[in-house]
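Following: one structure in structure tokens, then a few remarks.
When the chains are written out, they are named A, B, C and D in that same order, and each has its own residue count from 1.
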Amino acid sequence: MKLKEQLLGMTDRRSGPGFVFFSGPCCYSFFSEERFFMFNKILVANRGEIAVRIIRACSELDERTVAVFSEVDRESLHVKFADGAICIGPAKSSESYLNISSLISAVEVVDADAVHPGYGFLAESAAFAEVCENSGIKFIGPSSHVIRLMGNKILAKKEAEKAGVPVLPWSERPLKDEKEAIEVSREIGFPLIIKAASGGGGKGMKLVHTQASLGSAFHMARREALGAFGDAEVFIERYCERPRHVEIQVVADEHGNVIHLGERECSIQRRHQKIIEESPSPVVDEELRKKMGEAAVRLVKAIGYTSVGTVEFLVDKDKNFYFMEMNTRIQVEHPITEMVTGIDLVKEQIKIAAGRRLSLKQSDVRMKGHSIECRINAEDPKTFAPSPGRITELYVPGGPGVRVDTAIYCGYTVPAHYDSLIAKLVVHAETRGDAIKRMTRALEEFRIGGIKTNIPLHIEVMKDHDFIAGNINIDFLSRFS
Amino acid sequence: MKLKEQLLGMTDRRSGPGFVFFSGPCCYSFFSEERFFMFNKILVANRGEIAVRIIRACSELDERTVAVFSEVDRESLHVKFADGAICIGPAKSSESYLNISSLISAVEVVDADAVHPGYGFLAESAAFAEVCENSGIKFIGPSSHVIRLMGNKILAKKEAEKAGVPVLPWSERPLKDEKEAIEVSREIGFPLIIKAASGGGGKGMKLVHTQASLGSAFHMARREALGAFGDAEVFIERYCERPRHVEIQVVADEHGNVIHLGERECSIQRRHQKIIEESPSPVVDEELRKKMGEAAVRLVKAIGYTSVGTVEFLVDKDKNFYFMEMNTRIQVEHPITEMVTGIDLVKEQIKIAAGRRLSLKQSDVRMKGHSIECRINAEDPKTFAPSPGRITELYVPGGPGVRVDTAIYCGYTVPAHYDSLIAKLVVHAETRGDAIKRMTRALEEFRIGGIKTNIPLHIEVMKDHDFIAGNINIDFLSRFS
Amino acid sequence: MDLKDIKALYRFLKSTDIVELEVEDSRGRVRVKRAEAVSEEAVRIVTPAAPVEEKKEREEAKEEKSNIKTITSPMVGTFYRAPSPDAPPFVELGSKVKSGQVVCIIEAMKIMNEVESEFTGKVVAVLVENGQPVEYGEPLFNVEVE
Amino acid sequence: MDLKDIKALYRFLKSTDIVELEVEDSRGRVRVKRAEAVSEEAVRIVTPAAPVEEKKEREEAKEEKSNIKTITSPMVGTFYRAPSPDAPPFVELGSKVKSGQVVCIIEAMKIMNEVESEFTGKVVAVLVENGQPVEYGEPLFNVEVE
């Protein structure tokens, strides 16, 4: 795979897994007369299923793509599907997918003018977004300023409060010392949570039940925060017992138009990692959806956010909702929103980055039916140990209402170096009950040989009485281990 | 594969292609308390993708299925996916899938109480439906009476006229002799078409341009009709030049409720075989849709039709529409209607057969977005010669808005004995333009190694200016050969 | 695998000229390297596990060579060994049958279809219970041909 | 596979002149080496798949045996053979290079990164044109080591 050949013969790169593609010239040449290029080339700064997802969106928009890959990803599907590809480093992410200078250099040598960061890796790196901004490269996402603002949980909470979005009672500032922590704890009460200002996604949290343990927990939290995020700032927040995790998808263009696309229920988690998501949520009614949606839109407008994004909330048993954090990128679970709204979020994101106006008003958004996503991980379903290796057999389910987003193919080797997510199985049906049945059917059809996956766990959940009844919260999965 | 083992161990039959299924007991046991069985077991009297489609619908409805297979279909996907399976004869369809006594006998020995005929084979056999009715087996489709009525094109046209559905000027009776044919031709004018009363789907037609050739054409048509359908009755109809083929999907329950689900544009045909279908049609506007839909519903109500069905029309360049025939079964192209309406037609069909009422009113039906289906055939894209054989490589496209209905898997051998349709690639997107782009992208991802397919032809069509502009009629494909 | 196993394996290897051995499981990888030996016999490489089809072929081959023939069901239906519930079976284990002789009945759609033997010989196996459903092509009897 | 199996396998191998056997499953990889000729040629049956890695290994093996070493690009960037447009190239075809000597520049993000040879020897091939983009790991020069 010579870079020069790729750069010359862009249209010939669309070759399939394992064998050469047989069709004639690609669509670009045909549509060239009428094509309006939003970008010259988009560099997809990611791997796996999200890289494939982005390349598919670009292909449908007639935008040309360049994939990046580490040495172990040479045979990956995103490399095969993109119009061009460039090796950016060795397997270790810090030297390839997380290497900002390597990526920027790749953008320059392939003559790209935009970067799509996907999720994970550099998607929420304000530094990366900033380098892009300073290099005249369009970062397909919000501004570095907003990423940085929402990346700090203390600043984010303050913005939410300013925008009139409910938050859980909290210290309202970073805590300097143990004494301050004890003072604050008197107002907030126990149990409480100590969180890292630079944490997020459940990382860097300490649950404290009594004042006796507050001191040591405070010091430990600071030490861990410094180690993990290079920032010792922590704050205190009231603990919300067995909450649901519900998030609102927002879409904002660069002309001040902001809409929300309803909620996603993400309470089925293992160690703060979402495993199963659905939309709509079984607890959110039209009124609550309106309130949460409007709150999310207020925050987005207040901070001047553009691109697609997600405002995460905790919902307690009395249907009170509290701002938790904002994810300034496309989410893993975006397909379920696409299924119920019929809107292609990745295409929207690219169009917004090109300066286009939203084509929809809030009143045009209609949620139809019910969608569920199961994250298929390469892991032992009992021990949750990662299970990389070669895929020797593959049957991907199909038929009505089934969507599979994956980068695997028969013969592909799942590398040990990256996230264990290998496929997203998404279904859509008229009702939640129908969607659960459809998911069960699709999971039972799915065959991945050569590695272990968590498909059996998903089947168990789909047959669980509480899940079927919608009785779920973030502790739901604990009884499955 | 011992029948007895299958019948005993129904829940263990859900094994995958190539390797053993790893999950625990199937959903039946779990749901048994709350499950309402519509039928004891449904025998799926078909093969290929439609058998898989029906089994998937049954599985999602918690209905148990028994597959039937000929000796060459032992390793077919429908056999692997059904709860049970039974060999009904040798490869030759007349001795297996078309063998009524073998099928009825299979129903009896497996203790099924309903039969789903799919499409093709015995789906429109009034005789088969009648035997089922007389044996106390529920035929999942309309009554044998209605099948017989619509199977005769002369009676069907008369019913349409009675119901106030427009028809092309025609002889209004079977023609006894050449003299009568000449008389009728004076009223109707040339060019005209001679059609067989028992024909259908484009079979048994003669186009006549001048009176000079009418006599010989008349005799030839009678001779051919007798040979092909065992019935020499023919009639004359005005020829409609370069029409579009547009059909209306209807759904009718056993309680007199009838709705239509809009139209399907099926003008892209090769030798009267549909290749590409889409919904909505690029020429049908809201007004025409309403008129055609109401006409179809009138006919359905007039003849007392129940189950899902399709009323086919020719639409001329001035948007006049004329009844052509009615298909009294589920159609190959039903998925595009499912994509735009969100309604699962096969589930509806089964529920109707179980006596359930339609849950939707006409005003609840909303068409959203645009859907296209490409029929993937195992054939040489240039010569159209069938290309059976072993599938050595397979990559099935996925991602947003892509649905694949197929019975193939990697390692499967496409037998030479049956129809060459091996997969239906269906896309759904917000607009027709988006759907064409999405179909192109999906076709370019699709890889089927070991046999030839018509995928390259489909890619050509998707890039054709006239297709993109919606300028299509039933002669469209002729310039692609 | 513990020390005992390893010792046993070593004792065995010592008695051979194997200089390298690699085993991996399950169902994967065997590697053997011997010191150079001289033998003129042909090398036969059997590739593993060509599943169903090959087995079937082999079975058929075996059948052809042996004098055991199988009577199969010509249709889907219910298998009956006797013309009526109280009548004796058409054939018993060990019975002699002639080509054309009725050996059982398959009931299909309330019609009793007599099945005739294509072979002359001795019934050596009855493969289906009386009253059981059978599918097309299902083996019913084995007959040892003279 | 237990000792019994290994013994059975060995009995078979003993009856042959196979000196090396490698089996892997399922449906993949069989490798047999017979004593036969004194020439070291092996019977190599290459079952499909795993092309890239194997090829790479073989290439590496070849490289190791030969004295031709390759200098590869340590980063993505633009390849320059000289420190400035009018300066002479760092190395020419046939130049002697020493380990640690600068052989080219890769420009990445406007920064000129000097690439040093890891080998001492003679440049026998220049693999990229001046001013061309290169990816990580792309071969730049072949060096014949003494």
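We take it that a contact is a pair of C-beta atoms (placed from the backbone, for glycine too) under 8 Å apart; a residue touches a chain by one contact, two chains touch by 3 or more.
Remember, it's a predicted structure, so these values are computed and weren't measured experimentally.
Between chain C and chain D, the least number of touching-chain steps is 1.
Chain A and chain C, compared by their mean Cα positions, are separated by 54 Å. Centre-to-centre, using mean CA coordinates, chain A is 39 Å away from chain D. In chain D, 26 are the positions where the chain touches two or more neighbouring chains simultaneously.
With chains as nodes and touching pairs as edges, the resulting graph is a single ring in which every chain has exactly two contacts. By the definition of touch given earlier, these chain pairs are in contact: A-B, A-D, B-C, C-D.
Looking at the complex, you find that chain C touches chain D at residues 5, 8-9, 12, 16, 18, 20-23, 25, 27-45, 47-49. Chain C contributes residues 52, 75-78, 108-109, 132-138 to its touches with chain B in the complex.
Residues 2-4, 7, 71, 74-75, 86-90, 96, 101-102, 104-106, 108-110, 135, 392, 411 of chain A are the ones touching chain D in the complex. Contacts from chain B toward chain A in the complex involve residues 14, 16-19, 21-24, 26-27, 30, 52-53, 56-57, 59-62, 81, 335, 338, 342-344, 346, 368-369, 393-396, 398-406, 409-410, 429-430, 434, 437-438, 440-441, 443-445, 447, 449, 455-456, 459-460, 463. Within the complex formed with chain C, the residues of chain D that make contact are 1, 3, 6-7, 9-10, 13-27, 30-35, 43, 45.
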